[in-house]
Amino acid sequence: ATARDQIQVSGSSTVLPYSTIVAEAFGENTDFPTPVVESGGSSAGLKKFCEGVGENTIDIANASRPIKDSEIEACKAAGVTEIMEVRIGYDGIVFASDIAGNDFAFTPADWFNALAAEVVVDGKVVPNPHTKWSDIRAELPDQEILAFVPGTKHGTREVFEEKVIAAGCEESGAAEVLKAEKGEDEGEAACMALRTDGKSIDIDGDYTETLARIQSAKNGIGVFGLSFYENNTDKLKVATIAGVTPSTETIAAGEYPVSRPLFFYVKKQHIGTVPGLKEFAEFFVSDELAGPEGPLAAYGLVADPELAATQAAVADEATLAQ
Amino acid sequence: MNDMRLLERSVDQSEIKISARDVQVWYGEKHAIKDVNVDLLDKTVTAFIGPSGCGKSTFLRCLNRMNDTIDISRVEGKITLDGEDIYDKRVDPVQLRARVGMVFQKPNPFPKSIYDNVAYGPRIHGLARNRAELDEIVEKSLRGAALWNEVKDRLNDPGTGLSGGQQQRLCIARAVATQPEVLLMDEPCSALDPIATSQVEELIDQLRAQFSVVIVTHSMQQAARVSQKTAFFHLGNLVEYGNTDDIFTNPRDPRTESYISGRIG
Amino acid sequence: MPVSWTLLIVLALAGAGYFVTRARVVALAGGDVRRLHSRPSYHGWNAALLTALPALFLIAIWRFVQPAANATPVAILALVLAAAGLALALVRNAPDFRARNAVEAMVKGLLILCSSIAILTTAGIVFSMLFETGHFFQKYPWQDFFFGTTWSPRFGGGSQLGILPLLWGTLYISLIALAVSVPIGLFAAIYMSEYASARLRSVAKPMIEVLAGIPTIVYGLFALITVGPMLRDWFAQPLGLGNSGSSVMTAGLVMGIMLIPFVSSLSDDIINAVPQSLRDGALGLGSTQSETVRKVVLPAALPGIVGAVLLAASRAIGETMIVVLGAGAAARMDLNPFEAMTTITVKIVSQLTGDNDFAAPETLVAFALGLTLFVITLGLNIVALYVVRKYREQYE
Amino acid sequence: MSDATLQGAQPRPSLLVADPRTRKRNAAEARFRAYGLGAILVSMVMLVILLFTIITGGIGAFRQTYLEIPVALDAAQLDKNGNRDPDDLRKVLTLTYGKILEQSLQQAIADKGIAIAELSDKDVSNLISKEASAQLRNRVLADPELIGQTVEARVLVNGRVDGYYKGRVSMESAARDANTSPAQLQLADALKAQGMLATQWNWSFLTSPDASDQRPEAAGVGIAILGSLYMMLVVLVLSVPIGVAASIYLEEFAPKNRWTDIIEVNISNLAAVPSIVFGILGLAAFINFGGLPQSAPIVGGLVLTLMTLPTIIIATRAALKAVPPSIRDAALGVGASKMQSVFHHVLPLAMPGILTGTIIGLAQALGETAPLLLIGMVAFVKNYPSAPPDGLFEPASALPVQVYNWTQRADPAFIERASGAIIVLLVFLLCMNLLAILLRRKFERRW
Amino acid sequence: MNDMRLLERSVDQSEIKISARDVQVWYGEKHAIKDVNVDLLDKTVTAFIGPSGCGKSTFLRCLNRMNDTIDISRVEGKITLDGEDIYDKRVDPVQLRARVGMVFQKPNPFPKSIYDNVAYGPRIHGLARNRAELDEIVEKSLRGAALWNEVKDRLNDPGTGLSGGQQQRLCIARAVATQPEVLLMDEPCSALDPIATSQVEELIDQLRAQFSVVIVTHSMQQAARVSQKTAFFHLGNLVEYGNTDDIFTNPRDPRTESYISGRIG
């Protein structure tokens, strides 16, 4: 087979849309072929990335989480010693319900009380007794609790557990009671354990599935990525968290609490052998694309306030500290 | 054309069981049975003779509507059983076939045990109240077909593992076990040795006491031994039909005579 | 030398060998073909195969093992092999040479090679999973995996990865799917082969087969949007069996529809192959058509039908999309068919494409799940083999 | 035999009146038949429902809304140096062309005297698909002489406006929609009244490659069709002969012993292996060990071949088993070798079953996504692969992959395209199977 | 046990074609052929007679190794064709069967056209150089089997659409067309009328000029008419073997006598 002339990208499905937007523009505006962008999950992408160096390994791995040390080790063992980490921006995570339904203004504590397996009522730890949102707080609508949350395969789940449920656990004071009752570690785990009685439904699929589920169960509230919500504002109504409405601005400003960084990783050893690899990385983080006015932001990516530093790092081909 | 309708002399003794009028059979374009008229009598053994390929099996299969299963075959004319048109739309061929049983030319045992082969008919027709009765029917039928001694120790072996002649007798036993009123036997002894043949012939003779039997045979001797009436077919025509004795001693049609004396085949 | 040239030369040599040996052996026999042990074309084929096969094998193996290496020596070796094969064929080219046996032996070798692909595949699957499974069990106790009744992977560690709820879901969903597809498929097959006119059959069979070709995502969305809410509103809620929009029943029903052609088409072919004389035998004894079918035709067609059902079951076990969208992603052990559950296969896919560290037990568990499933289905297949052996009715 | 056997004979009932037992049996027969017919009807009804949802959902993908406007290719923006140097022209990015298109549209609105309240600049610029700027750029690069002229351009409009004409978007939903507005739709209506905007048959859905999430209107299945075609070529060429050969060996030649039992069980077990596991195998065997490229149809084809083999083998073996032994005997009896008896007599009789296995196996292979996930074919691919055999080694997508991808995208316009791709997939499947179906009809016979 | 080895007187005239020594056959547990020793002569018609189920077909199938195809059957002893052990590992059963042809007890035409049925053997053995020669072989074989006149207009119709007796003759034609050295015929005339039978017998007589023929029959008359040697089987034993005349006029074993006189079956 002839030498490969197109860039191969693989990894996170969250980063996928941004990556394809950039790849498409890259192909249109340069003489390089359009990179091939696979999806398959951050983990699978990194695994392929760390398979080794050479023509039949990928050049870039997208990830919706930072690479783990163990993965860096594995990479190194396979000869992938020089990895560039590029943060492209942030993914906002929002709560939305059917457009025709009630308005919601949540606090993290509400979510904890609604979805935790065990909650604290009158200072005692009890299995979650709440069936309606109004049971938790009278201001919330009188509506059955039904939440569609990302399944345990999704990185979003981790963010949801940490930044919403665990935060809510602390905020409501339940954390102290739980830790007092079960010990430090157990209590922390109990803070993040979700109920399994059908009020909280794991979604292993993607946001389109969550949307479909909300449309067939109108009283459900789903967890979405900001960009997904922004493409479906005619069907979904977004909830506020602690009074803040999610948007690229509020997230970039740090007002809206639930977000996570998005990355891609470049195999530096391929720069020079795979044509256009570095150009692509630079193109990706250029202001025209990843800046607040660029198409990525238009699509829902929260632009990175420190984009300039990232651009410089890419230009320098800075690799991860070994 | 071949009008063998009423042989008035004999009809007083035994009544007509099956009567065929202007029966024609086609296989696609091939005209296999041409305008056959015949009355088959009750409590009588009728032999069908004629050269290979003349339409004996075809006509036999018309009598219990087994021809229905051949897509390309087409039957015309009228056949009655006890005066009722068997090709009438209201007639249930299943009921007909229960009353008009058949032994096929090629032995076709079911891929089941010998016992189950014979017990099949009694089971679906509910002829046995219990296992003991069923056992009895199976044994009697196998004895009747002169097979019992050979298979009594291996009733649970598959019927398909028998020798050619044994399979043939199994099929006879299977047909007899259903207790039909008319039994159509297509060369039932073709694979049998003389002794087995004579035992089957004895069975046929017994059956005649109550029922009517039609037997296709190539053996003139056999026809003479077991049948009271004989029908001679030739090229799809029923050439001659009459008392067996008459046919063999005094054939009226030259073709019959040639066949009997071994000149046409 | 480029591969394509080598290939062409080898094929040309083989072709030449075919014609030369064929003509020569006829000449050697003095034009009397009957003096040959084998037909002339067998002599030809013998030469062609002898010339082509070893060389082609060499090229194939080398392409697979060392695609980038220098091609020339291998190409030359291949040509030498081809020439040697041709020479051997020419030496043996005599009227009493058993060319047919030689050709058949080579063909049989090819057949064996093809069957061994199945074995190789199995070995490949086992090996590609064994290693990672080992890693998994180093990080996670096997007792908890095999006997754990909770499935809840977590990101921060402390996951519970018990297979039992997944296994339960797999069996439950497959069972419902088979309960739908086997009767419908079998009845459809029986109707098509025993009752339907040739016209209806020739239309209905390919139409039903389309059901097998509809992408599973369509079934999944059908389950999610139509069947799930319908079952919830009409059955689960009125009966007090919960109000889950996704359920084992939903996924099972919809999957059952998808599996109908697996049962119906294969069974139809097998039923159709049962000799007519058996049907005649039964009809001649006064059975109704349905009795004939049930008592004679189906038992004779049993091995094929079991094969079809096993194939359907296999598909049911291996299906993801319908389960994800129809039955949900919650691992649960419950008798209530209107509850959401999930299957091993779904979790293999989701853990493999998930966001965990790829060396974490949460990801590696996919391999352990795959291997376990492999062993379980192996057991089921062995049982099926013995059942078929026991009840098989071999006609003729 | 004694007469006892015969005593059970009843007085002759009429053939026209069924006795109770017969009536019961006939009722059972009627029920049985009804079940059969019911089963077929159920299958058909399900098929019709599913096809109906697919077709109503996807037929829209074959029509697309276009806008025809005069575009003034402003030399000042496109060729600052004025020397038409291709290298300089290439430096001008699509963004600039986007602006030119926007200006042209504003101009056209002004020229036609269209006045719409609350029409923002964003509404105007978003009306035109982002794809249009790339097309315009390519057109200019191909023919730099156009710079400075005013050319007629036929451009795609954005997915929401297109959806408006297909009933997916309404004025009410637009009011809530961040990506369009009632004013934009009114503008579209006004342009339509001027004859500049029309919804037409859309060939490019079948020929163009995928497009990114922001341009649903430009996405097509061209590469996916090619990729599926290539993979199916590989599958067809490998799985049918190998599957049939393996079945013949196992059923006709292999000694019946424990070893072949193991193989037999093994093969049925392979059918039960989830398809994603074949992906794991494919990644390990073909890419990591065999060194074949990522995202290539050859790897996809090989993986799908391994996946379809069990189906074909199981169907073929069942069909071979069903051929009566007497036919084999007959051939052997005239001095045919075992091989000859199989290839001359048994195989033709087993053909219907083999073809059924092929039909079902290919249907499965054509619609499968999971194993492709691991070998890199679930991908965004924009460049066409070349013709085989080289094209087999170049990245391509596949129809089910396109469906899978599109159903996951945020913009609802992709749902319509996913259904459209499913229609294409089914048509593809039918074409592929047509020959098999016809052949099967020819080979079917009873004996 | 049943030693019928060399009947020295006759061996001088015609040499031994097939010789069986201590042949035993089992079907699973069932001992179907017990210790049979026999020499079959060249250019001779040998008749196998014996009651149904006694093992005639089984023994016949041993002679061209058709028993190999029955999984559960097991053959012991030694059988030679022209002095060569046919059960030797080096022997190619295919070649053996081309030399030792067979007509099966149950007619089993291929589900192909009548022409192709007959032409199959010549085709695979390359007996015809061209279509004309093939046509000739087909016609000659069908004429020999007394079927030509009935099927000459429908050579392209399927062989399975023939009547029972026609199928039987088709199978004879098919076997003859391959021109074997030994022809094993298992009840070849069971479904034939007397004329067709006599034509087939004539064919057998012609074949004898060059080849050796073994025929299983239940008809003593037929055995007497066509065969020079007769072997009588009973319960798996070869009871008596000798010149046909001797056997029928002067049987040495009481069992043979009973059978011939119609007393055991």
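Think of it as A, B, C, D and E in the order they're written, each chain with its own count starting at 1.
Assume contacts are C-beta pairs under 8 Å (C-beta built on N, C-alpha and C of every residue); 3 or more make two chains touch, one makes a residue touch a chain.
This structure is a prediction, so every number in the text was calculated from the model and none was measured.
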Steps in the shortest chain-to-chain touch route ending at subunit C and beginning at subunit A: 1
Third chains touching both subunit E and subunit C: B, D
Most central chain, Cα average position: C
Contact pairs, highest-scoring chain pair: C-D
For subunit B paired with subunit C, centre-to-centre distance based on mean C-alpha positions, whole Å: 49
Chain centre separation (subunit B, subunit D; CA means) in Å: 59
Rounded Å distance, subunit A centre to subunit B centre (Cα mean): 82
For subunit E, residues contacting two or more additional chains: 94-95, 106, 124-125
Multi-chain contact residues (two or more partners), subunit D: 25-26, 29, 291-292, 325-326, 337-338, 349, 373-374, 407, 447
Subunit C, residues touching no fewer than two other chains: 67, 100-101, 221, 275-276, 288, 291, 352-353, 395-396
Interchain pairs in contact, sorted by label: A-C, A-D, B-C, B-D, B-E, C-D, C-E, D-E
Sites on subunit C touched by subunit E in the complex: 33-34, 36-37, 39-40, 98, 100-101
Contacting residues of subunit A [partner subunit C, same complex]: 1, 12, 40-44, 46-47, 50, 64-65, 68, 70-71, 74, 151-155, 157-158, 161, 189, 192-193, 196, 198, 201-205, 209, 212-213, 215-217
Contact set on subunit C toward subunit B in their complex: 275-288, 291, 295-296, 299-300, 393-396
Interface residues, subunit D side, partner subunit E - complex: 256, 325-338, 340, 344-345, 349, 445, 447
Interfacial residue positions of subunit B with respect to subunit E in the complex: 27, 30, 49-53, 57-58, 105-107, 146, 150, 154, 161-166, 168-169, 186-187, 190-199, 218, 220, 259, 262-265
